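Have a look at these structures, which come just after this line.
What follows is chain A paired twice: with chain B in the first complex and chain C in the second.
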Partner chain A sequence: MKRETLVILGVVAGLLVWLLVAGDYAVSRTNRAMIYALMALSFSVLAGRLGWFSLCQTTLAGVSGYVVAILGAQHGLPYAVVIPAAILTSMLFAVVFGVLTVRARAVSFLMLTLALGQMVWALSFQWVGLTGGYNGISGVRLPMVLGFNLNDPRVFYVLLATCTVLIFLAVHRFYNSRFGLLLLGIQENEQRMRALGHPVYLARFAAFVLAGAIAGVAGVFLVYDMGIMSPSPLSLNQAVLVLTAAVLGGYRTVWGPALGAGILITLQTGVAQYTDRHMMVVGAVLALCILLMPRGLSEFSWKSLVRGRRATTSST
Partner chain B sequence: MTLDTFYFLSLNGLTLAALLFLMATGLTLAFGLMRVVNLAHGAFYLLGGYVGVQVVQETDSLMLGILVGGLVAMAGGVLMERLLLQRVRGLDLSEALLTIAVGMIIADGLLAIYGGSSISLPLPAELRMPMDLGVMMYPTFRVYIMIGALALGAVLWVVMTRTRIGAAIRAGVDDRETAMTQGINVPLLFAGVFGAASFLAGAAGVIGTSYMSLGQGLDVRVLMLSLVVIIIGGMGSLKGAAVGALITGMVYSFASGYLPQFALFFLFLPMTLILVFRPQGLFGRTT
Partner chain C sequence: MSTEQALGVAGIAKSFGSLVVASDVHLSVAAGARHGLIGVNGAGKTTLFNMIAGELKPDQGDIHFFGERITRDSVIQRTLKGLGRTYQVSTLVPTVTVRQNLALARGDGRIPSLWRPWDDGLDDALLATADRLGLTPLLDDLVANLSHGTLRQLELAMVLAREPRLLLLDEPAAGLSRSERQVLTGMLRDLPREVTLLMIEHDMDMVLALSDRISVLHQGEVFVEGTPDEIAANEGVRDIYLGRAHG
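Up next is the complex of A and B:
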C-alpha cells in the first residue's frame, strides 16, 4: 500500500511538472498520448487477462465519439446527457459484440473483432445522413467551466490527466480483485474454472463490456481533443496502432499500455517531421515486438531475448 | 419488382460471389492447411492489383497482368512465410499479428508508390461488350469471372481430394511429424500452399479491379469481406468459402439494389446469425 501511494504521488508530480515545463505542442501531443493510453488499456484488459486480442476497441471509442458529435454538436444537448449517453452507447455496442464473440478463441476472436469493427467503419462512411460521411461532423467543443476554457490544451490536460490516472488506478485495483484473478484463471485453464463452478462466459462477457466502457471514455476525450469526428479513428490503422502500443509497452501489466502509447506517439511525432509513412513505422515496431519481445518492454529481459525467441504471446 | 431487375441483381450477386470466392479461397486454404490467419491477405490483393493493372496498362495483355499480379503477391507471401512466420511457428496469435504488421507495411508502401487516387482496369473492347445470356444482356468479362471462379473451385477440389499432393497436404495438416517421417517435405509443402494462397489474392486483385477500383483502404475492405465469407462458411473449408461467398454476394447485391444505405447491415445479418447459432460456420470443424 505504501509503495502504491508513492508511485501515484510520483506520477502525479511528474504530470504536474510536465504541464509547467512543456510547450503548447508538447502538451497537446501528451493529451493525445493519454487518450491512446486509455484505448491501449482497454485493449490490455482483454489481452492481458483473457488472451483476447481485440481489434475493435478503437471502434468502441469511435462510436462514443460519434454519439458526442451527433448529440452534442449537431443537436446541442447538454453535456450531462451527451457524455453518459456516449459511454453507454459504447457499452451497448460492447454488449452486442460480446454476445457474438464470447465463445471465440484467440485467433477467431481477433478475426471477429476485425470484421465487426471494420463493418462499423464502413457504415460510418456509408450512412452519410447520420455521420456526415467522409467529411465527418465538426465543431465539437467543450464548455467554459468556472471561467476555465476546457478547450484550452492545458486545461484539457488537467482534466484528461486526472481521469487517466484515476482509470489506471481503478484497473490496477480491478486486476488484484477476485474478479480480476478469476479472469486470469480463465486464461490459464478455462476447464478448471468451469469445473470450480465459475461462470466463464459471463465473466468474459463482463470484462468485454468493462473494456468497452474504458474505450467509451477514451472516445469522449478523443472527439473533444480533435474537435471533429470522422471515420478515420475507426479505421484498422488506428486499431493496429493501439494494439502495437499495448504490445510494445506490455499488455500484461497495468502501466505497460501507458508506456507503449507514450513511446509510440513520441515516435510518430518525431517521424512525422520527415515522412508521412508513419503506418510503416507502426507496422515495423509491431513486427519487431512480436519477434523479439512478445511480452513488451515492461516484462522485457535480455535473457529471454537470447534464449527464448519463442517466448509466448498467447498462453495457448 | 420487375423481372429484369431481379435477373440483373442476381447476376450482379453471382459476379460478386465469384469475386468473393476468389478472394476468400486463398485465406481459407492457408488457414485450413496451416492454421495461419493471413491478415495481410487484403494487402496482397492490393499489391497484386496495382502491379497487375500497371502491367495491363503497359502491355495491353490482361492474362499477363493477372499472372504478374499473382506472382508478385506470391513472392510477398513466400517471403513473409520464410522470413517471419517461420520464427513464431505454432503460436497462432503471434503469426496473425505478424501478418497484420506486414499488411500495414505493404499497404502504406503502396500508398506511397501509387498515391491515393483510385485506379480501374482497362478492359479490351471485346470483354466490355455485353453477352446475350438468354434472359438479358450482361458484360462478357463478368460472365468470364463467374466461369473462372467455378473452374478454380473445381480444380482446387480435385487437387485436394484426388491427387497425391492433396493427400500429402492433408497428411501434413493432420499429423506433421508422421507425415515428415513418411518422406513428405512438410515445410516445402506449406511454403507452396502459402505461395498459392497469396497468388490467388494477387490475381483476384487484378480481376476484381474490373468490379471495384483500386484505392486507399480497399485492402481492409477486401480483408473484411473475405473474413465475413469464411466466418459464414467455416474457416478452412473450401465448400464453406463457396457457400459463404454465394450468400454474401447475393445478400449484398439485393440489399444494395433495394435498400442501399443498409447494404452493410444486411451483410452483417447472416454473419451474426451464424455466429449465434453455429459459431464454427456452416462447414467448419470444431477444434
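Up next is the complex of A and C:
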C-alpha cells in the first residue's frame, strides 16, 4: 500500500478512536480545532503557495456565518439553500476582495486584507438591522437527520471530521497539480511565469477565490458550532489566531495548518484549567516554537535544529 | 533562407523622465536570421528587449512580429504568438526541482488543471530538449542548488521547449566559463533555422561566430548595422567600445 494511503487511514482511524475515548468537552474542543484548521488552511493556501499573508480569511468565514444565521435562523430557509448560499457569498466577497488585491505584493497585500477585513467587521456590529449588532443572531441550529441530532457534538464531529479530511485531501491534490506548481512559480518569479505564457493575475485571483471557498465552509461549521453569530469571529484577534495556527504548524505544507490549530486549541484548553493567565503561557510556548522552528512544526527536523539557528531562521 | 521579416522595429522611442533610453530605433530581423545586438553598457539593449517582449511600452513607434503588429499586445499574447526570451539573470523557480521548472515551461495563457498532477503527461519533447542540454541527470535536483552554468542551460531548455519562432537572448554567455561558452555556442549554432535569434552579447568572439547580421546600439539609436566582417572593420564601432566620441 502507498505511504499516502497509510497516512490517510491512520488519520481516519485516529479521529474515530478519539470519538470513542474522548469526553464530550474534549470532542467539542476538537470540533473547534477542526474549524480553525480549515480557516488556517484557507490562510495557508495563499501564504504557502503565493507568499500572500491574508488577514481577511476569518472575515470571509464570518460572512458565510452571517448568511447562515440570517437566511437560516431568521428567515427559516431550507438548509439546502442556506449552506450553498453562505459558501457562495464568501466566494463573492473573495471575488471583490480579489479584484482589489490581485496586483498587491507582500506588505501591501497584508494591509489591504487588514483594511477590507476591518471594514466588514465594523459593518457587522454597526448594521444592527441586518446583523443584530453586538447581540448577534442566536438560535442557529442544525436539523435532525435520520434520527441523528446534528447539533450533538459527537454527531457534529462526524460530519465536520469527514468534511475536514476531504477538504485537506482535495487541497493536497491541488498542491500537487499543475495549478499548484504554477502558484509556487508565481510566488518566486512572476515576470518569468508571464514570459512562459501563464496568466499570473488570473491564477492568483483564482487561488484567492478558492481560499475564500474554504473559509466559507469553515464559517458554516463555525456558526453551527457556536449556535450564534456575532461580530467577534470577524475581529482582528481571530485573524491573528488563525495566522498563528498556520505559522506554528507550517503553512507551506498541507497538514501544517491542522497541526497548528490542534496545538493552539489544546494549549488554550489545557492551560486554562490551571491558570487564568493562560494566554501568557500560550504566548511563551509560541515564541519558543517559532524561534526553534521558524518553518513550523510540520517542517521541523532535528538536523536543522542541530545545524544551528542561523540556517533555520534565514529560511523564513 | 526566406526574406520574410521575423521582427520589425520601427521608430521606437522610450524615455524615463529626462533619460532617453531609445530615441528612434529601427531594426529588421529576417526570419531564420542570427542577429547580434551589441553596444556598450547603457546603450539601451535590454530596454529594447523589454519593449519587444512587451514588458515595457514604447512611447512611440511600432513593433511587428512576422508581419503582425504587436505593439499593444501583452507579454502573454506575444509569448503565445511564438516569442521567447531569456534574461540577463537566470532566475527561475529556485524552490522546486528542474523537472518541475520544465513542467512550467509551456504556459498556454490559461489556468492549468487544479486536479491533474503536475507531472502527469510531462511530454517527451520537453524531456528531449532538456536532455539535449545535458539536464537529464539533474532532473530531480532543486534549482536553488544548480550551478550558474546549469541554470542557464535550464533557462534555455525551458524557452526552447516552447518552440519559439523568435528567441531573444539577453547575454546568454554572461558568467559562463570558457568551456561552457563553447558548449553554448555549439548549441545555438545547432538550433534549427525555424528559430530566429536576436542576441545581446558582450562576448565578441561569440557574437562574431554566431551572427550573420549585427546591429550596434549606441545612445538609444542603431549606430550601424552590417555583417560581422563589416562591423569588426568599422572605425566608429571601435571608437564606441574604446570610449572615444564618434563622428
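FYI, the second predicted complex is superposed on the first by the 280 of 316 C-alpha atoms of A that agree within 3 Å, B and C clash if a C-alpha of one lies under 4 Å from a C-alpha of the other, contacts with A are read in each partner's own complex, and residues count from 1 in each chain.
Following the convention adopted for this analysis, a residue touches a chain if its C-beta (ideal position, glycine included) is under 8 Å from a C-beta of that chain, and two chains touch if they have at least 3 such contacts.
Computed from a prediction, not measured in an experiment: that's the story for all the values here.
J.: Let me test your reading of the model: by the given contact rule, A:Leu20 touches which partner, first (chain B), second (chain C), both or neither?
T.: neither
J.: Pick one for A:Phe174: touches chain B only (first), chain C only (second), both, or neither.
T.: The answer is second: A:Phe174 touches chain C but not chain B.
J.: Please indicate which partner A:Ala104 is in contact with in the superposed arrangement: first for chain B, second for chain C, both, or neither.
T.: Once the two structures are laid over each other on A, A:Ala104 reaches chain B alone.
J.: After lining up the shared chain so the two structures overlap, which partner does A:Met119 touch, if you call chain B first and chain C second: first, second, both or neither?
T.: Only chain B is touched by A:Met119; chain C is not.
J.: Which of the two partners, first being chain B and second being chain C, lies in contact with A:Leu146: first, second, both, or neither?
T.: After superposing on A, A:Leu146 lies clear of both chain B and chain C.
J.: Identify the partner contact of A:Ile290: answer first if only chain B is touched, second if only chain C is, both if each is, neither if none is.
T.: The answer is first: A:Ile290 touches chain B but not chain C.
J.: Please indicate which partner A:Arg192 is in contact with in the superposed arrangement: first for chain B, second for chain C, both, or neither.
T.: Second partner only, chain C.
J.: Return the chain, chain B or chain C, that is in touch with more residues of chain A.
T.: Looking at chain A, the partner in contact with more of its residues is B.
J.: Touch check for A:Ala80: first (chain B), second (chain C), both, or neither?
T.: Neither: A:Ala80 stays clear of chain B and chain C.
J.: Taking the contacts chain A makes with chain B in one complex and with chain C in the other, which residues are shared?
T.: No residue sits in both footprints.
J.: Can you name the residues of chain C that touch chain A in the complex?
T.: Of all residues in chain C, those touching chain A are 53, 55, 75-76, 79-80, 84-85, 87, 91-96, 100-101, 103-118, 158-159, 162.
J.: Residues of chain A touching chain B in their complex?
T.: Residues in contact with chain B: 51, 53, 99-101, 103-108, 110-112, 114-115, 118-119, 121-123, 126-127, 129, 235-237, 240, 243, 247, 276-277, 279-280, 282-284, 286-287, 290-291, 294, 309-310, 312-314, 316.
J.: Quick check: in the complex, which residue numbers of chain A touch chain C?
T.: Against chain C, the touching part of chain A is residues 173-174, 176-182, 184-185, 188-189, 191-199, 202-203, 206, 210.
J.: How about chain B: which of its residues touch chain A in the complex?
T.: Going by the criterion above, the answer is residues 37, 39, 84, 87-88, 91-94, 96-98, 100-105, 107-109, 112, 217, 220-221, 223-224, 227-228, 231, 235, 261, 263-265, 267-268, 271-272, 275-276, 279, 287.
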